[in-house]
Every structure is written in C-alpha cells, then in structure tokens.
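In the two complexes that follow, chain A is the common piece, with chain B as its partner first and chain C second.
And now, the complex of A and B:
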C-alpha cells in the first residue's frame, strides 16, 4: 500500500478516535450554558394557585434552585418527588422554585394537588423567561448562588445525588 | 383592579438587559412579517433536529419567533436579536456558525480538504503522465529480445 495513503488514513482515524473519546466522555446533561457565571435574568411571575407575584429577587441571600418543567413532560413526573423531598430537607437554607411553561394553569394545579409540593410554582405564559434562560427542553434546572449568579445548569431529570453535587458548586466559597 | 395590579407586577426578562436599547428602526406591516421570517430562519429551534425557528411547528419555536417579531417591532436590529439569543443559548442557536475559535474549522476544513485532495490528484496525474507509455512506439525492437531473435532464426532456417 502507498505509504502516503496509509499515513493519511491513520491521521483521519486518530482524529476520529480523539473526537469520540472527548465527546463520549462528557455528561450530555451537564450543559455548559453561556449564562453560567453571570447574574440570572430577573423575572417576577404569577404563582399557581395563589395568583400572587413571585419575584426571584426576594430569594437573594440564599441559594436558589429554579426548575423549568411542564405537566406533559414524562421525565418531569419522575423528577418531581426528588425535588419535593430535597426541598423539604433543605429549606429554609435553600429555596426551590418551579417555572412551568407551555402548559395550562388548570393542569399544573391538578398535578400539584395530586402529587404534592413543597415550594412555589410560577407560570411562564409565553415562554419568555424560558427563552432568556436558554431552556431547550424540560426538565432543566438552574442553580443560583446567594448573590443571584447562575453557577450550574442541569438538563434532564435529576436524582438526589445530582442535586447535592450541583448545590455543592453553589455553596463552595 | 386587583388583576391589573397583579399584571403590572409581573416581570419577564427583557432583551434590553442583555443587548441594550434598540439600534434600528421599528418595523411594521409586511416588512415586519418578512424580516421576522428572515431572522427566525437564522435561529436553530432548540427542541428540533437541525430545524430553523422559522420552519418549526413546535411551541418553543413559535414562542421564539414571536419574540423575534416583537423585538423587530421595537426597533432591534438583526445583529442585536441574534446576540440576544446567543447570550442565552450559546452559538448552538445560530444556524450559521461564526468564523471564530473552533467554529472556524467548520469553514476552513472543507477548503483544506479540497486543497489537499486537489494536490494529491495533481501529483498523481503528473506521475502517470511521466511514466513510459506501453505500445509500439516505446516498445524495444523485436530483435533486441534474444528469445524472439532465436525463434526468428529457427523459423527462417526451416523456410530455407
């Protein structure tokens, strides 16, 4: 076989192996958001059930976990009890907040009444808040530190360990 | 009245806090419709497979397109709108990657491959052209081959 052809073939194969090695080694759910390290976009939305306005600025001073979800999302059903259990265990040191989009208030209320909750849930009517946070699909969760800066983002349903690991990043001095 | 107070207290993130004040002219009517489609065609729908926001029927894409329309109506330029979405989603949201960093490879690699491929083909053609052509023109005279000469001698001897 021609040596130059063999050399080019080896070069291409090596490049592919490196790309696959780097790509497959990453956790696809741990998304590197351009918002990480920046102040979280401000919002004040209507709480499901009470109708009162919840402004995220009121939670400054302690870590905040913002979970984007919807009742039509299967993995969100799976994640909900994990979030509720962690919120119960960690409040009042850590605040949890649910943001629902592309959904109806009636369905959200039914879901929460049936499955229980331990933290407020607000409605993002036209998805503007989700877009500003760069939400690609639900569930997606953002971890904010006490100053309101986004420290981590997780895409997909979380286990208790994943929540703890991300909160460690928030609490790390 | 209470409803009005509640609505006024609601606040959603605004493009102004990301990209500043509008730098263009507010659009209306047909121009707004056309530009909305053009700008939405440059954005990738985050919940689809390689589909533009302009073409996707998903609710997320519809919301994004609506936001593009609203920003154009407020006077935001195409550059500001793309920058706004990029600040939230990263360069992933741009269907046309920017010529910078690793993304530059997307533009450069096809050109590099073309140049390398073209060079290999050119060298191959040159080396083939330099090789002696088989056939009567370049072939040695039959007598130069001792075997052929011997056969010829034998044949001519029989005839005699």
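And now, the complex of A and C:
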C-alpha cells in the first residue's frame, strides 16, 4: 500500500467534499449585502398614482419590507400576488413598499390597476435609490426593522416562506 | 401512459446497469468468460433501455404531452420545433436523462469495440462504466425524475429557458459538452480496470488513449462553443469570465490534456504509469465535480441550472468515487511495474513531465480559485468572489510556459541527447520566435507578455511545422514523389503524429489570438441620436434608428447602425435588448461585424425608442475569429490522430472495379 498516495488523496478529497457539503446548504441568491446591520439609506420618492412624496422615515416604528421591481421583469409578476396577499395579512403591523426603477409611471399604473395592490409603490426615476441599496437585479427585497436598520436582503422572487423567514429575523434578532 | 412507460424504462436501465456492473466486477475476479459475456449483454441492455427512455421523452415533448412532468415544465406549443427537440437538455431533469443517453451510447460503442480484445481489462471496465450508469439511472428514477405524472395537465406550458432560445449555439453547445464530459467515463473505466489488475500493459494503452482522445475533442469544441456563445450573446465583448461553470468545463479538459501527453511517455518509455492513471481518474472525478457545481445551486452562475435536490446525491456519488479511486490508487499504484527510467534532463520525456506538472498546476490554480469563495464562507462566513485578476495573473504565466514547452518539447529528441544535438534542435526555431515578435511589434504590439507570447508562439510554430512534415520530407529525400510522400507519410502512416501536430499548430494560433485580442482590444462608449455618426476605431458608425419589436416569447428594443469605412458601407448591425417573460433582467444581444483581421462589436448599453437615442459600447478586437477557427482545427487534428492506423487500404488505392 502506498501511504503517501492514501494520505494526500484523502486529504484533498476530504477537504473538497467538506467544503462542497458546507456550501450545499447555502442559497447563493441570499446575498449578504454590506448594508446589512446598517441603517437603510433614506429616500423620499413620488408615489405612483397619487403623486405625493413618500419618505421612508415615516414608517419608522414598525418593520418595513422594501421590494424593488419593474413591470418588464417576469419574476416580478410572479411574486406580485404573493406580496399583495402577505401585505394584506400583515399590515399594519408590517409595512410593505414597492420601489420601481427603469420603468415608466404609465406602465406601472396599468400593471397595478390590472393586478391590484395593497401597499404604496414609488418610482425611482433615475435609479438612484436602487444604486444606494446596491440592487443587483429585480426583484430584490430588503427587510428593515422598526429602527430602520436593514436586517436581510433577498434577491429573486418572494414566496410566503421567504417573507416569513426574513420577517422572523426582523422581529427576533 | 407515457410517464409510466418512461419510469419502467428507467427502472429497467437501473436494474440492467446494476446487474451488469456486479457481473463485470465478479467476472474480473473469477475470470469467468460467461460472466463477461453476460456483463456485456447487460451493458447493451442498459444502453437500449436508456435510449428508449430518451426517445419516449422526445416523443412526449413533440406531442406536447403535458401529463409528463418534464414536458409540463419546459414544453410550449408556441416555440419552434427545433426548440422543442433541444428542450430535452434545457432543464435539469431532462439534462440528466440526456446524460444517461450519451453514457448509454458510449458504453455500447466501447463495449462493442473492445469485445474479445482485452479480456483482462474489459470485465472491470464494464463494471465501472455500468456502476456510473447505475448512479445516473438512480438519479433519473429518483431525485431528478422527469417522468412524474401530472394529474391535471395544462393545455400549454412555459417553454424552455429563454437563453437556450436566444441563439442556435446554445442548443449545440450542451450536446458537445455532454459528449465530452460523459465520454470521460470510458477511460476512467479502463484506468480503474488497470489498477484492479495491478497492470497497465501496452495493449490497454490504445483503448485508454483513444477513449480519452474522443471526448477530449468534443470537450475542446464544447468549451469553444460556450465561449463563442457568450461572446455572441452576452454583450460584454468577451468570451471567458472564469465563471465557476466555465471553470468546471475547463478542469477535466486540463487533466485530460495532460494525460494524453503522459500516455505517450508510458508508450515510449514504460514510465509514468501511475501518474497517467491518476490523471485519467482525476479527469472523471473533475467531471463529476463539474456536474455537482452546475446542478447543486452552490455556485451562482449564468450557466447553472436552478437549485435542486440532486446536489446532495451527486455529492455523495463524488465522495464514493473519490474514496474508491484513492483506495484503488493507494493499494495498487506500486504494483504497476516500471519498465524504464527518465533519461536526461533535456529530453523529450522530461519535457513531457514538465508539461504535465504545469497542466496539474493550472488545474489546481483554477480549482482553488473556483472553490475559494466557498472555503472563505465556510471558515469565516464572509461572502466573496475570486475575480479575473487572480486567474489572469496565475494562468497567463503558466500558459506562456506551456506554449514555450510546446516549442521546446517536440524539438528535443527522445532519450539522452548530446549537447550538439540539443543545440541543433533548439537554435533554429529562434528565427521563428524573432519573426513573430517583430511582426507583432511592427503591427503595434507593445505589451511585454504579448510580445513574449508571440516569440514563444513563433518558436513553437516553426518547430511544429518542421516536425509535422518530417515523415513526408524523409520520403521525398528517399526519392518518393511529393504526392505519394504526402499520402503515405502524412495521411496513412503518420496520421497520429500528423494529427497531433495539427492540434499543436492550432493551439499556437488560439493562444496568439487570445493574447492579441485581449491585450489590443479597444473599447469606446458612444451615445447617438438618430442619424448621428461617430468615428470609432477607423469605422464610421451611424444610428439609423431604434425600433421596438414584439415577438411571441420576447420583447425586443433594437438599435440599427450602419457601419462604413472610408465612405464605403460595410454592414448594418442590429444590437438589441431582449426582454423575456421569465427573465429578471433584459438580455442584451450584441451584433458583430467580423473580418479575418478584427471584430467590430456593438453592444447596447442604453436605448430609448421614444427619443430615438442609443448608447453603445464598441469593442474592436483583432483576431477574435481565429480563436473559433483554430479550436475547430484542434478538434479536426484530434480526429485525424484518432483514425486507426490500419485503415482499410481501399480508401487510398485506386480500385475502379470495387465501385
């Protein structure tokens, strides 16, 4: 028996398998943003339909779910009813807010009128807010606690379970 | 009906593979010829059943039978028929079934070609092949079953991944990749059989080399097709991003290339046997690792399938395969008898050894760069990514060293050489080196690495050309006519050598094209309003207009540009943004004006149809097209080297009567 082959082989194999095994449980879509644990960047944007300005400071005191989306994005269509249903169930204890970027107000309004909504949607005209939050692609959702701190970020369409799991993090840190 | 039939076929294939594998290993121990015969029959049975299962799935796809879960997942009545056909490998479950099909074809052919010829090795080889087949059949039967019954089938489905529909290349890249990946199972079987027997005799080297060479050819083409696709579709002007999944396709290619070289040292000198076997086995293990990487959802990549439950199963298989291989190596590697020894430091075989070490170094470099983010995350929980700078800074020097060896190695004689012989072999190609470097310099190359690469390439090109035609020149010197020397020396007798040097020559072209295109690329960003003309890299670019187009499965915004040079119109380019229903972000589709000297590449950065404005990134890269052409030539060279030396004579001798 060649002991050095056995030893080196087992060493490389074990290291590789362990690393891959640890990696298995992780969801690469659950991107940890450097902003997690930090106060969320402030913004005040125009609400679609009413034209009034919504400042996120006004939602301090309860958890806030900020969902970045656009009408041209397929998975955003898919997650929209999930978000609306959860917002209906959880508001007013938890506030939901949609932020649309790279889109036109007319298309957004049409989308919301057709599919319904349960929370305000604002327009991020030049994408400044999305940049401040480090949005990589839509949909992307941020979970803020009552003090306005970002607790979690999720990239990809929402499901009821994902919303629940992330709100748990917000409520019980 | 179809789901049940499919499941039965898969279960049958699982049983056949398991039974055949056990029989193969038993026959390997008992040397029972009956056992071997039955193992072979089960191998054919497995191949037939899995092929039937794949055909059944194709039928279900073509008939839009949405009661089959996989069809419900990827089928659509809206997409063209060719998309429906390639849907077989467009999504996870189908791709594993396709894997099984390719493995079935390989196993059937390998079993048929080696029947009765390698009685010592064949039983264990079949055992290993069918054990792998059994695992994949298990995957298809269980965690990745495409044949679930859908209780209330819908009238229509969503269609396959839009990226697959975006470009024809994407439908031919995966089959090539599978033909490469899956094919590595066959040499792995021979390598394991050799270890189980404790003997790597001369006879088994031929099937080992050939069964490695064929998938190598496919893998080479597949990697190129992937790069070409990225270049034509993704719109960032490049073709390789060191993405985990790209690396997954490169890793087994590197070890397979190393093994193809070390096999020659085994043939000539009877040394490096254990090393060669280890490389062949590593190739297969890296294939399984790559499969895990693409299908486990551990790595974020444009190429990977979505997260799935089969990750743990593949990881378990990888662990078992690793354990099996390591145990086999540890217990048997010392039994492989060494028949010769390494002679002289400046000999061809020692250059082969250095070549091998460099390939293995490259493999580790890429492997570590790929899994490093996972290591970091496992250790301290931080997320990070290893980017281009790491890979470039590591791979460029090793690549240059390999190119250097590609020149020096073949120039040196086998065995011990005198100083005079070495000087005679190594000095003349310096002319080629100087020639290439000077041409590059004259054409404006100033980067140090690029000039070094060009010099090495010139050296290698001269050696390659000289070596390539050695047999022909010898015959001409002996008085043969040029025609008969060409046919007899190059095509008939020296095919393997000729093919190998064609590969080498093509590699020189690929490396030069990569070095020149990446170091001399010019990028400009230009903003246009309709009718406006800008100058870019000597071309006049005019925005003719922006249009929006609704297509059944996507919505496109297209910028139309006229390209002219010196007042002469050359082409109209239409880079576009495609927004697919199921995609999060729009997919940019660049458009390219290709000439032999350079590519002129337009990619939309921003486009507004109502204002008729567009911002494009313009990439002007020299020599790009030579990468694709030369890789295809590499594949052809590999195939030439594969044609068996004793081909039927009728091909070359004129015999009008036999027609």
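Everything that follows uses one rule, which is that the second predicted complex is superposed on the first by the 147 of 173 C-alpha atoms of A that agree within 3 Å, B and C clash if a C-alpha of one lies under 4 Å from a C-alpha of the other, contacts with A are read in each partner's own complex, and residues count from 1 in each chain.
Assume a residue touches a chain if its C-beta (ideal position, glycine included) is under 8 Å from a C-beta of that chain, and two chains touch if they have at least 3 such contacts.
None of the values given here were measured: they were computed from a predicted structure.
Residue contacts after overlaying the shared chain place A:59 against neither chain B nor chain C.
Contacts of A:154 after superposition on the shared chain: neither chain B nor chain C is touched. Looking at the shared chain after the overlay, A:51 reaches chain B, while chain C stays out of its contact range. Legend: residue contacts after superposition of the two complexes on their common chain; A:129 is shown touching chain B, with no touch to chain C.
Legend: residue contacts after superposition of the two complexes on their common chain; A:137 is shown touching both chain B and chain C. In the superposition on chain A, contact of A:20 is made with chain C only, not with chain B. Overlap of the chain B and chain C contact sets on chain A: residues 32, 137. Considering their complex, residues 1-3, 5-6, 9-10, 13, 16-24, 26-29, 31-32, 72-76, 137-139, 156 of chain A touch chain C.
Residues of chain C touching chain A in their complex: 289, 292, 296-300, 307, 311-312, 315, 318-319, 322-323, 325-327, 329-331, 333-334, 371, 374-375, 377-378, 383, 555, 579-586.
Considering their complex, residues 4, 32-35, 41-46, 51-53, 55, 102, 124, 126-137 of chain A touch chain B. Contact residues of chain B toward chain A in the complex are 6, 9-13, 17-18, 46-47, 59-60, 63-64, 66-67, 85-90, 93, 120.
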